[in-house]
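What follows is a single structure, written as structure tokens, with notes after it.
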Amino acid sequence: MRTERGFDRLVNFSDAVVAIAITLLILPLVETATEVSGKPIDELLVEDGPRLLVFVISFAVIGRFWLAHHGMFEKIVDYNRATLWINLLWLLTIVFLPFPTELIAVSGHDDPTTTALYVGTMAATSLTAVWQQFEFVRHPELQAEAVRGTLRMAPSLIMAGMMLVVLVLVVLFPSGGLFWLFVLLLSTPLQIIEKRMHARRTAVVPGSEA
Amino acid sequence: MRTERGFDRLVNFSDAVVAIAITLLILPLVETATEVSGKPIDELLVEDGPRLLVFVISFAVIGRFWLAHHGMFEKIVDYNRATLWINLLWLLTIVFLPFPTELIAVSGHDDPTTTALYVGTMAATSLTAVWQQFEFVRHPELQAEAVRGTLRMAPSLIMAGMMLVVLVLVVLFPSGGLFWLFVLLLSTPLQIIEKRMHARRTAVVPGSEA
Amino acid sequence: MRTERGFDRLVNFSDAVVAIAITLLILPLVETATEVSGKPIDELLVEDGPRLLVFVISFAVIGRFWLAHHGMFEKIVDYNRATLWINLLWLLTIVFLPFPTELIAVSGHDDPTTTALYVGTMAATSLTAVWQQFEFVRHPELQAEAVRGTLRMAPSLIMAGMMLVVLVLVVLFPSGGLFWLFVLLLSTPLQIIEKRMHARRTAVVPGSEA
Amino acid sequence: MRTERGFDRLVNFSDAVVAIAITLLILPLVETATEVSGKPIDELLVEDGPRLLVFVISFAVIGRFWLAHHGMFEKIVDYNRATLWINLLWLLTIVFLPFPTELIAVSGHDDPTTTALYVGTMAATSLTAVWQQFEFVRHPELQAEAVRGTLRMAPSLIMAGMMLVVLVLVVLFPSGGLFWLFVLLLSTPLQIIEKRMHARRTAVVPGSEA
């Protein structure tokens, strides 16, 4: 049996897990503050620079993933067994992210293994989102009536593709470090271009802006 | 007085607690990352192998329990005083799980006491779920109209039974460690078989999948 | 402007804070597990005995307070500025509880200062709940229609009174330690007796159980 | 596509993040309790005095920000892409607050850098709230029908202005420490005065008390 309350729980549980993961990112910073009792604050802040940077990046990344999840579920009104499990898998990758975040905070972002683990975790999140979207596209009965049959894979595929490109870049050119993540800024323009091309091909587009 | 808002709170509070417990599982991993500043990351990841494994297992176990709770409450629309307390007890076992998880992460899963505590906690969760289900079966007024009178104990009893079997196995044959948990994969097929047998016995089954 | 969404937020926010506070109780236990790498588990569990005890007690206490909050709000449908602030104060006492919990976990419960801080925090929670209830009694427009005008102070006063009795006992007779908390088990029978006496006095009681 | 569920998620996600950030404030205190095993409790409490103070202040500040967010969204019924991102930014400042809180807890509040970081974070929260409000004022279609077109910038501007005044004060007169925060108590009377002046100017005021 599937009720609307059950669907709401799926969504609320996801929100709660993401909210906790995004908030836990601050804990390692709090800990460094606890430990360095004697040191002048100015020095500590300079030392904590890279930690602050990776905190902000991870916050932005998890925030971006949440927005994507939010956007995806705006068009969904029901769930099935598969989507429950895929959603748990997606949450697993979100919950895991504070670990590589801390590794980078501690050892810097010029080590290819660390950066690959960090970006690889994000790539796993994106791929799980692709899988989730695929499940929703395959099951029009889960979609809101207004968009039924018009859901497409392209936007999440573009996002995941860009993530894999970044993953390759950080492994091949580790000196670029996390700056390769700026490549992701291309994904929104690419999604817009793809949408226009699709619209031109199909001539009529039902209201589908996020 | 019992309102729908009150029932929603019971459900939302449970979701929030489970969401936090499942997310806290990453914290000990984050801490190891903090501590081993000097060590090369590759070495750290190898060392953290067992921790990563038990993190994933505990995540999957709590996720599975949440799905069971989710499925159980899909058929419930109201609560009583007893179910509030039993639900708190269920949450206590969920909140406790990060402790034996960390014990195993630190000392490995070949020590029978640790593994028994870990699996015993899960068995306690399952038994509390059985008790919860029992309360719901006894009180048809708490069930959704569509399923009133058709709720059964068998699925949660099978789950709890399998958990107790695993508990016995890890105590008697500690060298198997957490691999005994794979026995739990039998519970879904067993539940399906039981369901079919029940359907055959009663000839008519009201829509009760998921 | 006050909407139903605004009231729901008040309730949901409270639930989230309580859920986090109740789950954080396990963290100090997780930490002891992290630290005592070499020690045999059996020994650790014996050593952790008092910690486990105070974890369970604090979990039960916060759970009990949540149930009281849940029960109180079942009869409420709206809020005002004062109740928002009182609720924040109530949450402050809940969030604070993990601190004295840890003090007791570390130094045992035979030290009167520690135990007084622990029970004093609980007393503060109870007194804030009394204040909250007082606000609701004074403002019938915040009450659900079915109970309007029948809300009473007695149950929360009994609870707070018992808490203050326990506070006096732990200070005067510290050797009793946390066992004095068992006195709280009297509060439910006392509440039932008071309710019956009130019913007899007023002859007619509108449905007001739970 | 924007649904009511999507709007509820925005609100619930914010509540969850704030709830976690406000609860995490206790963790450093819990940690000091863990570490000082041998010390008499009385001594510890005296030592922890400043920590307790800054815990309560940060709790009150985050609580106040949450109330402002709560009040702002009471008049809002829909969202757009910009408000999603601004809200994430607002949450970033809330999540960050435990870090300067801990810095002050460790090194006291007479160091201008620390105090400026602490008050600066709060100022950033206020400014993001101003931006959020600006977005809502510019988009009457996001406002509840009852208040459409009557939303104003003044209250959030006053709050942010006071915050910037405090920021200047703690930098110029560091010996005042966090006591400068008491200046914020002026913001509510100022908001009331501004409201009255506005009412006199416009002669008719639609029901707009918080």
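What to note about this one:
When the chains are written out, they are named A, B, C and D in that same order, and each has its own residue count from 1.
Heads up, the rule we're going with is that a contact is a pair of C-beta atoms (placed from the backbone, for glycine too) under 8 Å apart; a residue touches a chain by one contact, two chains touch by 3 or more.
Chain identities (UniProt): A, B, C, D = TMEM175 family protein.
Computed from a predicted structure; not experimentally measured.
The pairing of chain A (TMEM175 family protein) with chain D (TMEM175 family protein) is characterised as different-residue: of all residue numbers used at this interface, under half are used by both copies.
Fitting chain B (TMEM175 family protein) to chain D (TMEM175 family protein) on C-alpha positions gives a rotation angle of 180 degrees, to the nearest 5. A separation of 38 Å divides the Cα centre of chain B (TMEM175 family protein) from that of chain D (TMEM175 family protein).
In whole angstrom, the spacing between the mean C-alpha positions of chain C (TMEM175 family protein) and chain D (TMEM175 family protein) is 27. Residue positions of chain A (TMEM175 family protein) with contacts to 2 or more other chains are 12, 16, 19-20, 24, 27.
Within the complex formed with chain A (TMEM175 family protein), the chain B (TMEM175 family protein) residues making contact are 8, 11-12, 15-16, 18-20, 22-27, 29-30, 33-34, 36-37, 41-42, 44-45, 56, 59, 63, 66-67, 70, 73-75, 144, 146-147, 207-210.
In the complex of the two chains, the chain C (TMEM175 family protein) residues touching chain D (TMEM175 family protein) come out as 1-3, 5-6, 9-10, 12-13, 16-17, 19-21, 24, 27-28, 31, 81, 84-85, 88, 91-92, 95-96, 98-99, 102-103, 105-107, 111, 113-114, 117.
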